[in-house]
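I've put the structures underneath this note.
You will see two complexes here that share subunit A, one where it goes with subunit B and one where it goes with subunit C.
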Partner chain A sequence: MKKEIPLAITFISGFLLIVALFVPHRPFGDLEQRFNDWYIIVAGFTLILGVDSLLAHHWKIIRRRQPGAFHSMALILSFIVTLVWGVWDGLKFGNPFDPASTFLRYFYTYVFVSLQATMFSLLAFFIASAAYRAFRARTSTATLLLVAAALVMLGNVPKGYLAIPPVVAITGLLLAFHFFREGQETAETTMRIVYWGTALVILVLLYPVIQFLYHNLPAVKDWIMNVPHLGAKRGILIGVALGAVAISLRIILGIERTYLR
Partner chain B sequence: MSGMDLLFTWIAAGLTLAIFSFLYRDNPFYKFAEHIYVGSAAAYWFIYLWFFDVKPKLIDAWISNTGFERYILIVPAFLSFLMLLRFIPKVAWLSRWAIAFTVGMGAGLGITGAIQGYIVPQVKAGMLPLWTGQWGNSLNYIILVVSTVTTLVYFFFSKEHKGGLGFLAKVGIMFIMIAFGASFGSTIMARISLLIGRLYFLFHDWLHLV
Partner chain C sequence: MFLTLALGLLISQTTPDTLTPPPLIPLPVTHVRAYDKPNDDGGAIVVEWELSPMDSLITKYEIFRLEGSPDAEPVSAGFVLRGTTKFEDVGVQNGKPYYYFVRSWLNSEYMDSEITSEPAIASAQWFHRGRLNALIILVFFVGVLLYFLQRAKSGGELYIRRIAGLEAIDDAVGRSTELGRPILFVLGLEPISNIATLAGLAILKRVAYKAAQYGTKLIVPCFDPVVYVAAQEVTKEGYTEAGRPDLYNEGDVFFLSYDQFGYAAGVDGIMVRERPGAVFLQGYFYAESLILAETGNSIGAIQISGTTAVTQLPFFIAATDYTLIGEEMYAASAYLSKDPLSLATIKGEDLVKLIFILLFLLGSILETISLLTGADLHFLTRFFTTY
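Take a look at the complex of A and B:
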């Protein structure tokens, strides 16, 4: 009983939505919108559980005077102040996000946006160190990733083409040097010729590549975004969607039951 | 600029600098700002969901509707009530009914959303002519089709990636890495524009230097 009813509810709610997709007439036609509204309402209440868990965790830290109690106090206080402020303005203006409300003008603009934007802008620094680590991987696929990333970044900034000659020249020379050294350290003559040949080809192509990228960087960036990036992204999206359909079917049919634990 | 604006500009600058202090190392100032962010964000989303979702769809709808449209709202209200029974251990199992509804809805929307929103439109957009009469266009279309197909092959794990399948998967990973690189580049640009925004706030709005 404790498991059968939830399984039946999951099956009926999921199955009716699929029926509504194929039978867009009454009584199924408006079912999708109605269920969607109910879903939003019920999911809204799940936030209460999440908030309870967050506050209970930090309240425990304060009560036991564990390390970080001061920060937990700051968290609970900031929660209470924001909640009271929002509810107060909500009652006063009908909505805390009313243009005249102080909640929108002061809390949202100066506190929430500042904290959120700064937190995400920190990633600019950490993403750069991630790029460095990817570059150290020294595999052909990691190189492809970095070349695409560098061209997209430089192609997105107004004077990005000015950085092309030094960046491509240094990268090309380092690559050529790398292949030359590999050739020197290889005992096999054929492989030595292949390595040295590659280094020579890189040196020969360096100038035309710099010329081409210098004059066509925005077009190259657009081509990367609109052709290989779009194609691979399309493949990933189709794969993800097929996976979502498979897991959703498992849930609706009651094969996947982990949410009942 | 009013006194309140000035006060909140200083608060915003303080919080911004506290978060940036993490670039040096983890420290109490960063931890303080981080906890303020978590607490205020939880309350913010609580208020947002109440005023934009629950209130208009449940309370306002109950007041404005009549007859069947009004009384059918008892169902989501009851399910929401069941969700809160998790706080009472003896009847906490009843909250599974509400969870089951949200999971079932998520699964149903997962299927319809994935089919309508991704699979059909993406497959339709991917069906391109391989020869258009122009070399440039045709080459681009061929690359588009090949990259989509080989990416899908790379994620096909039901058969070992050997021989022809292995070759296609190798081509697929190359296109995937180019796509990740392009997405990576775009993400960096987005983060850098956020960083420029915060630096502009500090130097323009707070210090009036630029």
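Take a look at the complex of A and C:
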């Protein structure tokens, strides 16, 4: 019975929610909202468990004088200060977020929001380091990614088209030189012709490509975002939606029971 | 002199009246009609009209409701701004007839439209006709799944392609064990009602099982308190299944914070202090995804990520060693357990996906032909359109 009852609850809840999707009439129409309300009530109680877990975890670190106990002390102290200050201002002003409350002015605005902003701003540096690794043109797909990303970035900045002539010219010349050297170093005549031919094609196409991108950069950027990017994104989303249906049916039918003990 | 003053006085007395234009009376809206809101649980009537010819000057349109008969006392149902041709009245009762008219306001002047000739009666529907397509697809999907479940029960061979990210789980746990470092498992920010979180819990169970076998410490900081409770149970179950319940430490699965960047800061701190050998980022993530993945990268941990958040996938692909893309995450529990019934659902999903791809291709061809020839071949597009 330890497993049968939760499985039965899951099956009935899942089946009712599927019915609610197609039957707007009461009592089915507002079932999803009602279930959500129940979830919020349960989640409210589990938050107490969560706070208990957090404090117990850090209290244990302090008691055992483990490394990093200082951080745990800072956490417990911050918790107490936030709780006491918030409750105090809540009682005083009716709401801790009242415009006149010192909790809002001094703690929330100048400490909490600033800390959040600090963490968020780290993202700028992390994007740069991740982009550097992702854009290293080691394979053909990574090179495609680099080219597409460069065009989208230049297409998104004001006057980005001005950077097109030098960027494309230098890249094209380096590529042509690379293929020319490859051709020189290879012993096979056919491959030599292929390499040198590629270098020649790059040199011939360089000027028209620069001209085209200089005049059509926003359109090229939009095409990349609206065609290959959106296509790939929708492909993933359709897969996710079908996968969600499959896993939901597995859960409703009791095939997937990982969440049960 | 006297004459000038007299004339001035006359002008000052008469100018305001003679130069002020008469108040502009707005023209009314036309073709007002009211009908029961379709596909709802009742209690709503939709009122539609054609804009007043003076719409650009109109201040607002006020909708009036008359209960029972056109002679009843009008009650204001609400108002909308100019340029709007539709209003949903949610203050009605099912089964009662209602008449409507629309008042066009221009500052303090107004003009009423004609009262609707037919009464509108709100009622609840037993079937959402706009979702008929979804029902057909669902029934078909369930049929395919049942077919594959039957095949699995009869012992049919089911092949699932190799998923590198899931294959790497055991290696990551092994590597962490060799280095003598703990394993960190992050379940994302979404509650347990999100399927990505449930899929993450399935992977957590496998990781817990392996960690118990190797005797490696597993740390699971949680964002959501409900997920925290579930993660505790799942981890304990993994340790029990591996035959090492004694190794399970309740304090290693804990609630961290209910704030997005507070949580990111906390997990980053754990990474830097504990220096885990393997980091699992499995669930639904937002802007903190790259902060977590890059910190994991900086400590040299092997990282396996998985999410269904399309906006965060590029970050994970760039910053982690293996990424489970979208549906691969949902397939994780079936893939790892090798349970034939679970694998059968993956096979069914794949077949439905293949049919969808073919339908999309056919739809693209039909739409192109329609565009070129003008023929009405939009039936597939209409079928897949939701209302």
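Definition applied: the second predicted complex is superposed on the first by the 207 of 261 C-alpha atoms of A that agree within 3 Å, B and C clash if a C-alpha of one lies under 4 Å from a C-alpha of the other, contacts with A are read in each partner's own complex, and residues count from 1 in each chain.
Here is the rule we go by: a residue touches a chain if its C-beta (ideal position, glycine included) is under 8 Å from a C-beta of that chain, and two chains touch if they have at least 3 such contacts.
Just so you know, these numbers come straight off a predicted model, no measurement behind them.
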Among the partners subunit B and subunit C, which is in contact with a greater number of residues of subunit A? B
After superposition on the shared chain, which partner residues are touched by A:184: those of subunit B (first), subunit C (second), both, or neither? neither
After the superposition on A, what does A:127 contact: first (subunit B), second (subunit C), both or neither? both
Scan A:77 for contacts with subunit B and subunit C and give back first, second, both or neither. first
Going by the contact rule set out at the top, does A:66 touch subunit B (first), subunit C (second), both, or neither? neither
A:37 in the overlay: touching subunit B, subunit C, both, or neither? Say first, second, both or neither. first
Taking the superposition as given, does A:231 touch the first partner, subunit B, the second, subunit C, both, or neither? first
Return first, second, both or neither, reflecting whether A:26 touches subunit B, subunit C, both chains, or no partner chain. second
If we overlay the two complexes on their shared chain A, which of subunit B and subunit C does A:54 touch? Say first, second, both or neither. both
Who does A:240 touch here: subunit B (first), subunit C (second), both, or neither? both
Where subunit B and subunit C land on the same part of subunit A: residues 18, 21, 39, 42-43, 46-51, 54, 68, 71, 115-116, 119-120, 122-123, 127, 131, 233, 236-240, 242, 244-245, 247-249, 251, 259
List of subunit A residues in touch with subunit B within their complex: 2, 5-7, 9-18, 20-21, 32, 34-52, 54, 68, 70-72, 74-83, 86-87, 90, 95-97, 102, 106-112, 114-125, 127-128, 131, 140-142, 144-153, 156-157, 223-242, 244-245, 247-249, 251-252, 259-260
Please output the residues of subunit A touching subunit C within their complex, sorted ascending. 18, 21-26, 29-30, 39, 42-43, 46-51, 53-54, 56-57, 60, 67-68, 71, 115-116, 119-120, 122-123, 126-127, 129-131, 133-134, 233, 236-240, 242-251, 255-256, 258-259, 261
Contacting residues of subunit B [partner subunit A, same complex]: 4, 8-9, 11-12, 15-16, 19-20, 22-23, 28, 31-51, 53-54, 57-58, 72, 75-77, 79-80, 83-84, 86-87, 93, 96-119, 122-123, 125-126, 140, 143-152, 154-155, 172-189, 191-192, 194-195, 197-198, 201
Of all residues in subunit C, those that touch subunit A in their complex: 39-42, 124-128, 131, 134-135, 138, 141-142, 145, 191-193, 195, 198-199, 201-202, 205, 222, 224-226, 228-230, 233-234, 236-237, 251, 254-262, 264-265, 269, 273, 287-288, 290-291, 293-294, 308, 310, 313-315, 317-319, 325-327, 329-331, 333-334, 339, 341-342, 345-346, 348-349, 352-353, 356
